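Two complexes are shown next, each including subunit A; its partner changes from subunit B in the first to subunit C in the second.
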Partner chain A sequence: MKRELVYMDAKSSKFWNIELADNTHTVTYGRIGTEGQTLTKTFPDPAAAQKDMEKLIREKLGKGYVDAAAAGVGPMKASADPDGPIPLIAFSSINRRDDISQNAGTFIGKRVVDYDPEKPARADVVYRFRSDWDNNEVIPNLEQFLGTDAAAETAALIIGAWHGDDPELTPEGIIEVLVKSRDRLPMLAAIYIGDITSEENEMSWIKQCDLSPLLKAFPKLQLLRSRGGDGLKLASPEHVNLRGLALETGGMDVSVIRSVCTSNFPNLEYLELWLGTDEYGANHSIADLQPILSGRLFPRLKYLGLRNCQFADELAGVVVNSPLLSRIETLDLSLGVLTDEGARSLLMLPLNTTLKKLNLHYNYFTADMVRQLKALPLTVDASKPSNMDEGDEWRFVAVGE
Partner chain B sequence: MNGDLSPWASNPRLGLIGNPANRRVRDFQDTVERLGRPRPACVAYEELLRDPEALTRLDVDVLRIDSPGEDERVATALIALGGGPPRAPLELGEIGFLKEYHQGFCRVIERIEQRGIPCVNSPRDITIMFDKWACHQRFVEHAVARPPAELAPEDFPSLLDRMRAHGSGRLFLKPLHGSSASGVCALRWTPHHQQLIAPLRVQSRGGEPVLVNSLDVRTYSTLTDIELILGLLLPQGMIAEQWIPKLALPGGAVDLRVLVIAGEARHWVIRQSRHPMTNLHLGNQRGDAAVLQELIGFHKLDAAFKLAEKAAACFPDSLYAGVDILIDSRHRPLVGEINAFGDLLPRLTHRGETAYAAIAKACYVQSCPV
Partner chain C sequence: MVLSPEEAGEAIRSGRLRGPVEVPGRLDLSNFTGDHLPAGLHCYELDATGSHLSRLPVDLRIDGRLVLDNARRLASLPEGLTAGSISLRNCPMLRALPERINTWFLDMTGCSQFETWPKDGTIHHGSLILRGCVGVCSLPAWIGRLSQLDVAGCVQLREIPESISVTSWVDIGGAGVTCLPSRLAGASLRWRGVRVNERIAFHPEQLTAAEALAEKNAEVRRVMIERMGYLRFAREAKAKILDEDKDRGGARQLLSIDLREDEPLVGLSCHCPSTGRQYLLRVPPTMKTCHQAAAWVAGFDDSSLYRPHIET
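Moving on, here comes the complex of A and B:
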């Protein structure tokens, strides 16, 4: 008996395989793309070995690992085919609240490296372009990279803190360069505009712009991820091949939600929206999310994340009745103000649907409620950051400031 | 490294100046005893402040001057000596009378210097290390990489004018004569927002606002709050340095505290935080050295140690100093600050020695050349 699992987030992409043989089991684990390490354990009898294997698998699934085959990931490579679909699991980035305080270490399962104009460009990593405290070379560096052979093979790009000493600067100029040089990036499948930690700039201060020119310029784009809500727009939300859209904000403007709701993304499988709080620009209500929850959009959706939401309890109450639950696999209400009230709604989730996973990381649940949620026949992440502030008076979303 | 060591006897008797009840003094005395040397006598700051002649009764060959901190009575006496009120009405943990405290401390150090007893770290160096602007200038002179910095104005309206003239920016404002993170503020602003992040809170004393150190780092976002806080801090003297985002590892941003002893970077810790201040007493944690080395590589880490040594070498009359090194997004090291009393690194060992053992041994080795 054998089970192969994988895990990916902004920090790492790892595999974990286990194989049972008589009264032993062998675990092989490591970073995807490496051979990893092997540990063999012997038990008094085969039943004990199997019992221990099942326990380990449950633990791994609880931590967010998924079956490699279902995710389309092998232990030795991040995706089956360099030109093929990005595994769905590789779309996620910030899995834990604390991931926000760090720049991405991996993106679409590949290692992220800050672009260094002094070194030859490679195609097997994802480059991040960002300004430093003493210069802003994002555009010159990007232009240099676009002139290399590696650009022609590159699958993904990250734009980090682009603003240098001018936090009012939007990424518009960078997007123009990318759009103008679209022919230099024929394989571009994923782009992240705004890998910016809170020390570099507050999420709600980041000046964004209309990102939809990227959709138009890159027909092979599968994933568009961005951080920052101020000025964020998707003026022409249209793309035949886009499979993932992730918009992280401290407060989402209703116009962005409307753009998503009137979009034409027929192949969208992954939708992650950070809704935020009214103090940081959120001016939407649960009614604005109804077109998404009604299930008439995005026929191929497998993951729905409505995260960092100040009304997560209310949202949970509405989501349980969504027709989407009959076809998505993951529901993610993490990073928001989710209490036992919302959890009670989630306990009423219809079962025997396609739903496999519930991500409720960062929450205000009582221990008893966590136990009840864990008893659901789903993989439930009800974890909390180690330094969760659980004061009774004030409850915050994970990214408020 | 140490200056003129010739007056030291071959078996020098070591004396201390400090607060005898403080763990710094006790731990150092215990360490020296464990090395098989006589337990060093300690003259208390309190005694020294009461009776300037106290030093004459100390029969030693070399002096280690330790921190006067963490003692309310010593603080009150230093403030009085520095020209402040005889009984400064300080709340517990209040950030006040920093200038007077520093003046008083310098007066005491002068008295020690006048005695002419050789010191492990020279009195002159110690007073400079307690002046962040003087340190900054010394580092610039010696081409030690530092964040750009200037003296902050002593009133809030002038600072606000400068902020508005720049449109937006990010600064660390640090009291010139503060210690640890006390009074340190991370300030950033745009034409639309402003934010001050600091381990302090505002308290009222008889209707008057006072600033008190707080173990949790708080964020103030209104101009009213920021004006109130900086209105109390700026007149006490501050340095304004560019706030350079620190390198982030899993678990938060990091900087390094490197203890340089006799010219060599020895004990070091990674200080990690989710806030702009990484001082360990603020509930922050020690980071993982292996993770740091994997991320930035051996050469960049070594460059950080070299820079710490270079910073310490700007104070050639001091045997040791704690140097804070920050690492920017391109993994280049910069000196955050240098600390005369930056050797409190309990339980940490390097080549099998604690920091105090290494310093104590260096005191003796330096005096008896092999």
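Moving on, here comes the complex of A and C:
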């Protein structure tokens, strides 16, 4: 008996395989792309070995690991087909609240490296281009990289803090360079505009711009991820091949939601919206999300994340009635103000649907409610950050500022 | 023809628009002074807050939000009206909803004349807000599973049909509803936005002053006192007597009860000179005498100016 699991987030991209043989089991684990380490354990009898194996698998699934085959992650040690679809699990980035305080370590399952103009460019990593307060070389470095052979093979790019010493600077100039050099990036499948920690620039201070020129310029794009809500726009929300859209904000403007709802993304499988709070620009209400929840958009959707939401309880009450539940596999309401009231709604989720996973990380649940949620026949993440502030006076979304 | 929201708005306001027209965004017609809209309009959202519209075209198509708040002249809606959400707050002329209305979110807060439901329609998945719809006597059986049902202030509504279920909460503050159907048993309850339990909502006679005084949450405590009635609460809580005198109805008392983390509850207890019924009028906690309190109730800040010829 054998089981192969994988895990991906902003920090790491890992595999964990277990194989049962008589009264032993062997675990192989490590970073995807490496051989990993092997550990064999012997038990008094085969039943004990199997019992322990099942316990370990449950633990891993609870931590967010998924079956490699189901996730579309091919042979663990070989790199994926460069032109093929990115595994859906590799679209996720911030799984835990605390991930936001670190730059991405991986992106679409590949290792992230800060671009160094002194070193030869490689195609097997994802480069991040970013500025410091006293040095803004994002555009020159990007232009240098675009002139290398590695650019022609690169699958993904990350733009980190771009503002240098000018807090008003948007990534518009960077997007212009990318659009102008689109022929230099024929394989580009994923872009992250705004891998910026709160130390570099608070979520609500990041100045974004219209990202839709990227959609037009890169027809092979599968994933567009961005961080920052101020100025964020998707003026022409149209792309035949886009599979993932992730917009992280501390407060999402209703016009962005409207763009998503009037978009033409027929192949979208992954939609992650960080809705935020009115203190940082959120001016929408649950009715603005109705076109998404109605199920008439995105026929191929598998993952729906409505995260960092100040009205997560209200959202939970409506989501449980959504026809999307007969189609999606993961529902993610994490990082928001989710209390026992919202949890009670989630206990009314229709069962025997396609839904497999419920991500409720960062929440205000009582211990009893966590127990009730865990009893659902789904993989439920009801974890909290270690320093969750649960004073009963005030409740906040995970990422405001 | 596809027009931007700005172009379409301008064309409609100047009366130049001839349909059919598609508007792939939010058409802002707030405070529009026309009586009706052109035929053949299809927009993602329509905001006609404060407009003078009295009706909508029968072929109007809305994908997302339809907002008609404070449309003071709105008298009817077209059959089959469909939108992701429909907001009709404070539309005083609206008496009926149209046949086959279809939406997830319906907000009719303050539609005081609304009384007639269609024979058939679809309102489900989201919220149905009927706050202050004082003309509503019943809810139709075709309403299915909602997230929220708010019938606060629906004084004529006596019962909620068995067919309705909610996934979030029911607000029955001040409504005529005295119990919930079995499908709603155990649903979260609210009283004008305040979370309450079944005893507070439906069995106020069981509440005691000691229980109300022990309640930590000031909002819940206020609802408990309101449900008990000020007079019973004041009696049971052994209110301090700040002042006593007599008026035509008999003995009057100015009573005060200390509440934690809230201002003291001060009220004037008096008897109606006509019916003899005793009641308690809440007054500001700064009141010192019965006369001053009675003057405040009558609208006098300076109580020395309050010299009623007769109090009835």
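Simple rule for what comes next: the second predicted complex is superposed on the first by the 394 of 401 C-alpha atoms of A that agree within 3 Å, B and C clash if a C-alpha of one lies under 4 Å from a C-alpha of the other, contacts with A are read in each partner's own complex, and residues count from 1 in each chain.
Heads up, the rule we're going with is that contacts are C-beta pairs under 8 Å (C-beta built on N, C-alpha and C of every residue); 3 or more make two chains touch, one makes a residue touch a chain.
Here the structure is a predicted model, which is why all the values come from computation and not from measurement.
Superposition of the two complexes onto subunit A shows subunit B and subunit C fitting side by side, with no clash. With both structures placed on the common chain, the touch criterion links A:T262 to subunit C but leaves subunit B unconnected.
Once the two complexes are overlaid on the shared chain, A:D278 sits clear of subunit B and of subunit C alike.
Residue contacts after overlaying the shared chain place A:T197 against subunit B, while subunit C stays out of touching range. When both complexes are overlaid on chain A, the residue A:E35 reaches neither subunit B nor subunit C. Of the two partner chains placed by superposition, A:E59 touches none, neither subunit B nor subunit C. Once the two complexes are overlaid on the shared chain, A:S345 sits against subunit C while remaining clear of subunit B.
Of the two partner chains, subunit B is the only one that A:N103 touches; subunit C does not reach it. This overlay, made by fitting chain A, leaves subunit B and subunit C with a least C-alpha separation of 22 Å. Overlaid on A, the two complexes show subunit B and subunit C touching no common residue of subunit A.
The touching residues of subunit A, when paired with subunit B in their complex, are 11, 98, 101-103, 114, 130, 132-133, 161, 165-168, 197, 199-200, 202, 204-205, 387, 401. Residues 258, 261-262, 286-288, 290-291, 293-294, 313-314, 316-318, 320-322, 341, 344-345, 348 of subunit A are the ones touching subunit C in the complex. For subunit C in complex with subunit A, the residues that touch the partner chain are 24-26, 44-45, 63-65, 84-85, 87, 104-105, 124-127, 145, 147-148, 166-169, 188. For subunit B in complex with subunit A, the touching residues are 147, 167-169, 188, 190-191, 193, 195, 219, 221, 242, 244-246, 248-253, 274, 276, 328-330.
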